[in-house]
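Structure provided below as structure tokens; questions to follow.
By written order: A, B, C and D. Residues from 1 in each chain.
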Amino acid sequence: MTNCDTANDGFHDECGVFGVLDHPEASNLTYLGLYAQQHRGQESAGIVSYDGDQFINRRGMGMVADIFQKKDIKRLSGRLAIGHVRYSTSGESGLRNCQPFSYEYAHGGIAMCHNGNIVNARVLRRELEENGSIFQSTSDTEVLIHLVAKSSSDTTEGRLKEAVSRLEGGFSFLVLTEDKLIGLRDRNGIRPLVLGQLDGVWVLASETCAFDLIGANYVRDVEPGEMVVIRKTGLESHKLLDNPSLRFCVFEYVYFSRPDSTLEGVNVYQARYGIGEQLADESPIDADMVIPVPDSGVPPAMGFAARSGIPLQMGLIRNHYVGRTFIEPRQSIRNFGVKLKLNANAAMIRGKRVILVDDSIVRGTTSRKIVEMVRAAGASEIHLRISSPPTRHSCFYGIDTPSDNELIANRMTQDEMCSAIGADSLAFVSRDGLYRAIKRPCSVHCDACFSGEYPVPIEGLERKNPPSLLRFNSKKR
Amino acid sequence: MTNCDTANDGFHDECGVFGVLDHPEASNLTYLGLYAQQHRGQESAGIVSYDGDQFINRRGMGMVADIFQKKDIKRLSGRLAIGHVRYSTSGESGLRNCQPFSYEYAHGGIAMCHNGNIVNARVLRRELEENGSIFQSTSDTEVLIHLVAKSSSDTTEGRLKEAVSRLEGGFSFLVLTEDKLIGLRDRNGIRPLVLGQLDGVWVLASETCAFDLIGANYVRDVEPGEMVVIRKTGLESHKLLDNPSLRFCVFEYVYFSRPDSTLEGVNVYQARYGIGEQLADESPIDADMVIPVPDSGVPPAMGFAARSGIPLQMGLIRNHYVGRTFIEPRQSIRNFGVKLKLNANAAMIRGKRVILVDDSIVRGTTSRKIVEMVRAAGASEIHLRISSPPTRHSCFYGIDTPSDNELIANRMTQDEMCSAIGADSLAFVSRDGLYRAIKRPCSVHCDACFSGEYPVPIEGLERKNPPSLLRFNSKKR
Amino acid sequence: MTNCDTANDGFHDECGVFGVLDHPEASNLTYLGLYAQQHRGQESAGIVSYDGDQFINRRGMGMVADIFQKKDIKRLSGRLAIGHVRYSTSGESGLRNCQPFSYEYAHGGIAMCHNGNIVNARVLRRELEENGSIFQSTSDTEVLIHLVAKSSSDTTEGRLKEAVSRLEGGFSFLVLTEDKLIGLRDRNGIRPLVLGQLDGVWVLASETCAFDLIGANYVRDVEPGEMVVIRKTGLESHKLLDNPSLRFCVFEYVYFSRPDSTLEGVNVYQARYGIGEQLADESPIDADMVIPVPDSGVPPAMGFAARSGIPLQMGLIRNHYVGRTFIEPRQSIRNFGVKLKLNANAAMIRGKRVILVDDSIVRGTTSRKIVEMVRAAGASEIHLRISSPPTRHSCFYGIDTPSDNELIANRMTQDEMCSAIGADSLAFVSRDGLYRAIKRPCSVHCDACFSGEYPVPIEGLERKNPPSLLRFNSKKR
Amino acid sequence: MTNCDTANDGFHDECGVFGVLDHPEASNLTYLGLYAQQHRGQESAGIVSYDGDQFINRRGMGMVADIFQKKDIKRLSGRLAIGHVRYSTSGESGLRNCQPFSYEYAHGGIAMCHNGNIVNARVLRRELEENGSIFQSTSDTEVLIHLVAKSSSDTTEGRLKEAVSRLEGGFSFLVLTEDKLIGLRDRNGIRPLVLGQLDGVWVLASETCAFDLIGANYVRDVEPGEMVVIRKTGLESHKLLDNPSLRFCVFEYVYFSRPDSTLEGVNVYQARYGIGEQLADESPIDADMVIPVPDSGVPPAMGFAARSGIPLQMGLIRNHYVGRTFIEPRQSIRNFGVKLKLNANAAMIRGKRVILVDDSIVRGTTSRKIVEMVRAAGASEIHLRISSPPTRHSCFYGIDTPSDNELIANRMTQDEMCSAIGADSLAFVSRDGLYRAIKRPCSVHCDACFSGEYPVPIEGLERKNPPSLLRFNSKKR
């Protein structure tokens, strides 16, 4: 899947989080930590800091570098802060769903944000509503805050433990109180959360690339089912959930994470490169050149080219100056959506047999347009190689996939797909090959989107937001 | 008090509300109803409509005509809507306190806004927090919605009745559900709420001037302690609170309301004109001209001039193009703040004995500046006449007065005030004279700001927002 | 004419200018000087300062207080500045016509702005174009700068003298060079320009109210045909044009200027009040009250009421919170445009015989709507009294009047007008009465809009911008 | 040179132009043509269309996709349009220098924009000023329009020919009149200009990638010294300048143009790839991996890796979500500027001998920071290979290079540079090798930045804008 199909096709990016405690420039570091994780969500961003007296909040629609001005960072004073970038996965869009949320309750102020999805959020919300709770957003985070507020435990840790034990799903939460920064991960560690240090101060992020930018050192991944509680006096680890068992999302390696991040001990770039090599071994083909579909197709294409000995060429050029919206002429341009972001370099391609390497096929529409564009640029043969197994199942743990029946791999055989997309041949890396390339056992991963093996029960769920959660439609300015 | 002192001195405007049910252009009428009541609050405005499927929300900082564009009104579709203009009285400023609020709870969606102040809001909020409620704003309205959600009654009316019975203070609420528009007023009817009809459709507003703009007919004032429930099938009146007893805010006549509104049977302009006549009877003085301090000083100045036979002259000219902020030169200009809004016409005033008529004196600083300006324009004598009794007490029912010890009338005798302000003589209308001019008994009014007789108990209250309600400071864009 | 008809009817405001030399806060004073003259133009504003090294420019669409932020004023550094507020009279709207213009030419930088209209601008422009000049705006100012640049004189004064001698019309110009502030007025002094001092520093403005705000003293009006050249070393007066002969625009007294300004020795408020008295003498009528049409109808209504002994009442209430645009319901509201700005206070008016006093009747449509509104509020009789003679002719000297055939007084007798407007009686002040009230001879005024006696020849002119000047339509952001 | 140094170091992008005549969606195509050429300038953009009656103009600061909304494109109606994207090369920044310019002159309206630099602009401007011309911008385009307006020729073509014959430099102009679209190129064709067709309609652009997006076919490059005049009736070619002799800017291949463009018969990507191969032949080195500095270093790195047999790895990851400004912590982060845009993937690099391939070294500061970052990520050896000869001379033909003495290659030997940058070895492609790779003779190129051989005389020039052109500093909103 290429970046150019976010509007029409496929998986969307998830969310990214960042937190820091006891640093004089907490909000500035958070801003940079979010900036480095912008690829995890471009719809909205927010930061909450605590200045010793009050919680300060700034949220907005758009990109980190546009939302936060110098004066905002200055206003977000204090030595504690958490932040969030978001691409809506549950909860419709709009400012009122922007995280972090900050609330006041019996025990003071509390701010929260999360990455992932709570599969029993609807059930919990109904139960809360029946007991008199009111909801202003459609975000899962609001459900957790209500559960925390209702807990009778007399510590924040106890209240969180009690509340989180009610949640099912794949999620990583950051929580900020007047004197604590807390990070926690679901019992299967489906979504990432990493711990680092900067000049003796603890930082939490979704990906290690956030640490690189601010010069922090990676220390370790937060464990599945673990809650780390960070105070000025140091870090405590709590066992939050019973029976932890790592099932880390394998799609983080295939597509989501930045290639320079290392998650659960595996460098993302190296994983992708290795999958490309594996793919060359599994599905070799004679051709004149290997062309990556930028950007996530680049590392596997490099691995494929290196292993196969077929020259790598950048036959698809990405336009880096992509804005939000484009005005299409009435007299429509063929494959307009794809062309705005990619252009086939005909001078390179004309008359050549090309191997296109992409990361995934979701609905298939983007792949078809890219193949068409390369064909129009004069390629004599087009062989499509995909660096993940066929995507056959929806994700319920924080990745915005279409429902099962919209997934092309669910509706067609591989031959039918090849023909629908218009390629001369089509091959996916095998599930076994994928894990061989990553050099990690299948058992520590969630690959439900390929295998249908959901580590957390999802019965009764439909993927899309239920109508009852969509009673509101607000757009504040 | 003149309009030019809102930043430095005195009472601030309250809030205004508007609601309509079963009209095809519900949000457009609400927009106009708010526009006509803009004088009741210029800090923020909002509208919520219900389109048969979902609640739609638009709130923003600033003026009605700036916040709502054609596309916003179009998006706010549906046949039911409520709206609000606000000048913060409780709850710090910021978008998260903008009304109306819309929430989802066990019985569906609900939207609310109000004008006034709940004096026991802090107590109720603490109690709610102790029972696990979370708060996102510092607005009284959020307290009421929580109470409604916690009620075990099985009708909206029952839940509101139960919830409102917990509230003490001066308040008028509008409530919108999927099929009902509800208006209610505290047991003393301290804040206004009027009922009208437009082509057979019910409308509710704070002031009748909202009806004039949209061409609706005034029907009656909502009664103290009454709840009117409006459905497509018609209007029902419910007794909401026991022992209702009208104590309407007399300051609505003196300053707040628009002169073309009629509230509780009294036209505001006529009330002001009459007070001016009364003032001329009570405190006559020989002079060359009567000069009003625009704008609320104009009607009493006219009454004073007519009764005294002294010519009325517009010796103070108002600048109508007033923006939000002004850039003052470093080398400060004398009485800059007042001069930006008013200018003394020296050609008229030079060498003359003038009677200045203003509506009230709060801290006294603005009055002093105006007197100085008129003196600098060459007046030989300045006699200040005030169309209300001395303001000696804070308001706890929705009007933003300073605390008692900042009120000049609380710290000085009338002679001391006259000298502090720099006038040659100073007189206030008497309390009895005020009611004689309005032609209504003192007993149906709240005049706590003059008399200290608070109809609703206020023990334990300080006027300003308690620090515990100020834990958050958010500014979304 | 009331302010509420700017969109539909009548004269528009002209422009206002301000300049200061050798003051450390030149741009801040200019900002305030424009703010005080905002009534002369609300479409755009601009300031140019010279910081000793370069000319700095800030222009924008909208109101002074919105266009200029603190950082703009800071950037506009230097001890010299000129500024402009504009309501387009010639030149279509848009940022590229915003003044002041700043250009670079053989003798350095030069900035200019003006108030008024050059009647031979088209002819001069064609001539310049034929000699190779290019034009970016449609403003008269650009014509003058071209003429200055083409002059062979070796002083700015000489170039201006040569250039201005080519111009015909009614105009006041401000010119800024690296070391000079120059003000000049056409040979008839049709448009105002006043000279003041602030702490020994010279200031120029269109109206004296600008001086009042900044605390400057009025010194004198610039003479017809005079050019004042202000340097650090002092002021020099030059005779710019031959045969000067004052013909000051009488409409400045009737409508344009702020009542607290004094122009050519006459205070505007006093002039209006006097016209009201004169009107009462000329066209008395028995009635219950005199009601002004706010705002420019207020002083003559006061004079009328005082002279006639009939009580003055504010029966029309102005909404002060008027924005740029309003969203009208599809199901249109009767007299919507007028109602947004004025409301008739029915409680006052019902059953009463009223005298309405307004300043002028242009197309008649607004007058008709106001009469309708007052009638609907229950007035039993409506007598309209106008504080100027009938407007029968277009203005070619800087006031945006409709063309002759759109003027109601040009198409109808007074009786027909009365009937078209729906009043019970209608009277205008006489031309003689007007001058009697102002206490100045007719001979020193231009009243072409009433009399058709144009002091500057206008043959061959049509009032509206000729199509050839409208080749461009730019809107920069 | 990498993209991350635009603020601190090196060459800036030039400008890009686009024009179309006789298409119903002229402005929409122009918008897309500019969007595809956004890499040629991100500071401002503008479009002028002619709707049969008037010229319509929209210019703004920022990116194409942000400046133009649907309503702007709709307003820019008509069948003719030209557009421009700009990174300031001469003329300070600011809206008043945004192109295209549109003016009115004796022969109607005319709009123009250009890419490049006129080396005798100052001389011509002075001469024009001495003859009475006035200037509002500091752009070269304004000089040409003045010359055109002064011409006595009676055709646009004649006037342009006469005017352009006065210009010296490297420039491509687009000109729009009421019925013509004209493209012209300096006598050496230093800057690119290509001609295409879309459904029988002519289009002009700086690069062929603009044609690819809109589906137009490339026809040919406009010739050096040629003027193409496009009317509804067809295209005419005129010889504009004597002694044409192609000297196309070789830096367009090295850095400026998009890799998918083909200019003067050479595909940019292929040129870059070939230079990388050549560099591997000329300066081989043993290492573990070849790492490109994204983005323009990618094709030569691919060529280098393919030729040398050393694996290509993406060891530097680019952050694609780069905003305008970043808020740096007070406690500064090492190599912050570079890190915001690039991150070294330590997992790949640690302990490895790496070859870094970049396109050029200008001041050397960015190269030093990148080398430091790669070293900090653990590289054991760093060999820097540059796909252009050392940059020793400023460009005077439209590329914003620093002055000679700021160029590191001008101040140091190659060994000193290597040591200053901190690399273990450093090599540049040779000048001969460069042309061998491009497969074109040196004689048809301008490579003054490497060789100092300026095809157009530049005596008396300093590179930076002379102070006399900076008298204005305007920022309209």
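What we mean here is this: a residue touches a chain if its C-beta (ideal position, glycine included) is under 8 Å from a C-beta of that chain, and two chains touch if they have at least 3 such contacts.
Since the structure is predicted, the reported quantities are computational estimates derived from the model, not experimental observations.
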**Report entry** Steps in the shortest chain-to-chain touch route ending at subunit C and beginning at subunit A
**Finding:** 2
Query - Same-residue or different-residue interface between subunit C and subunit D, half as cut-off - result: same
Query raised in the report: To bring subunit B onto subunit C by a C-alpha fit, how many degrees must it turn, rounded to the nearest 5?
Result: 180
Query raised in the report: Could you state the distance in Å from the CA-based centre of subunit B to that of subunit C?
Result: 36
**Report entry** CA centroid of subunit A to CA centroid of subunit B, Å
**Finding:** 49
Report summary line: Cα centroid separation, subunit B vs subunit D, in Å, comes to 60
Query - Per-residue multi-chain contacts in subunit D, two or more chains - result: none
**Report entry** All touching chain pairs, where touch follows the definition stated at the start
**Finding:** A-B, A-D, B-C, C-D
Requested in this report: Using the touch rule from the top, collect the residues of subunit D that touch subunit C in their complex.
Outcome: 54-61, 67, 75, 95-96, 98, 101-106, 108-109, 126, 129-130, 132-136, 145-146, 149-151, 470-477
Requested in this report: Please give the residue numbers of subunit C that touch subunit B in the complex, ascending.
Outcome: 24-25, 28-29, 31-32, 35-36, 38-39, 42, 63-66, 68-70, 73, 209, 212-215, 258-260, 262, 267, 269-270, 273, 295, 298-299, 302, 306, 311-314, 317, 319-331, 333-334, 339-340, 343-348
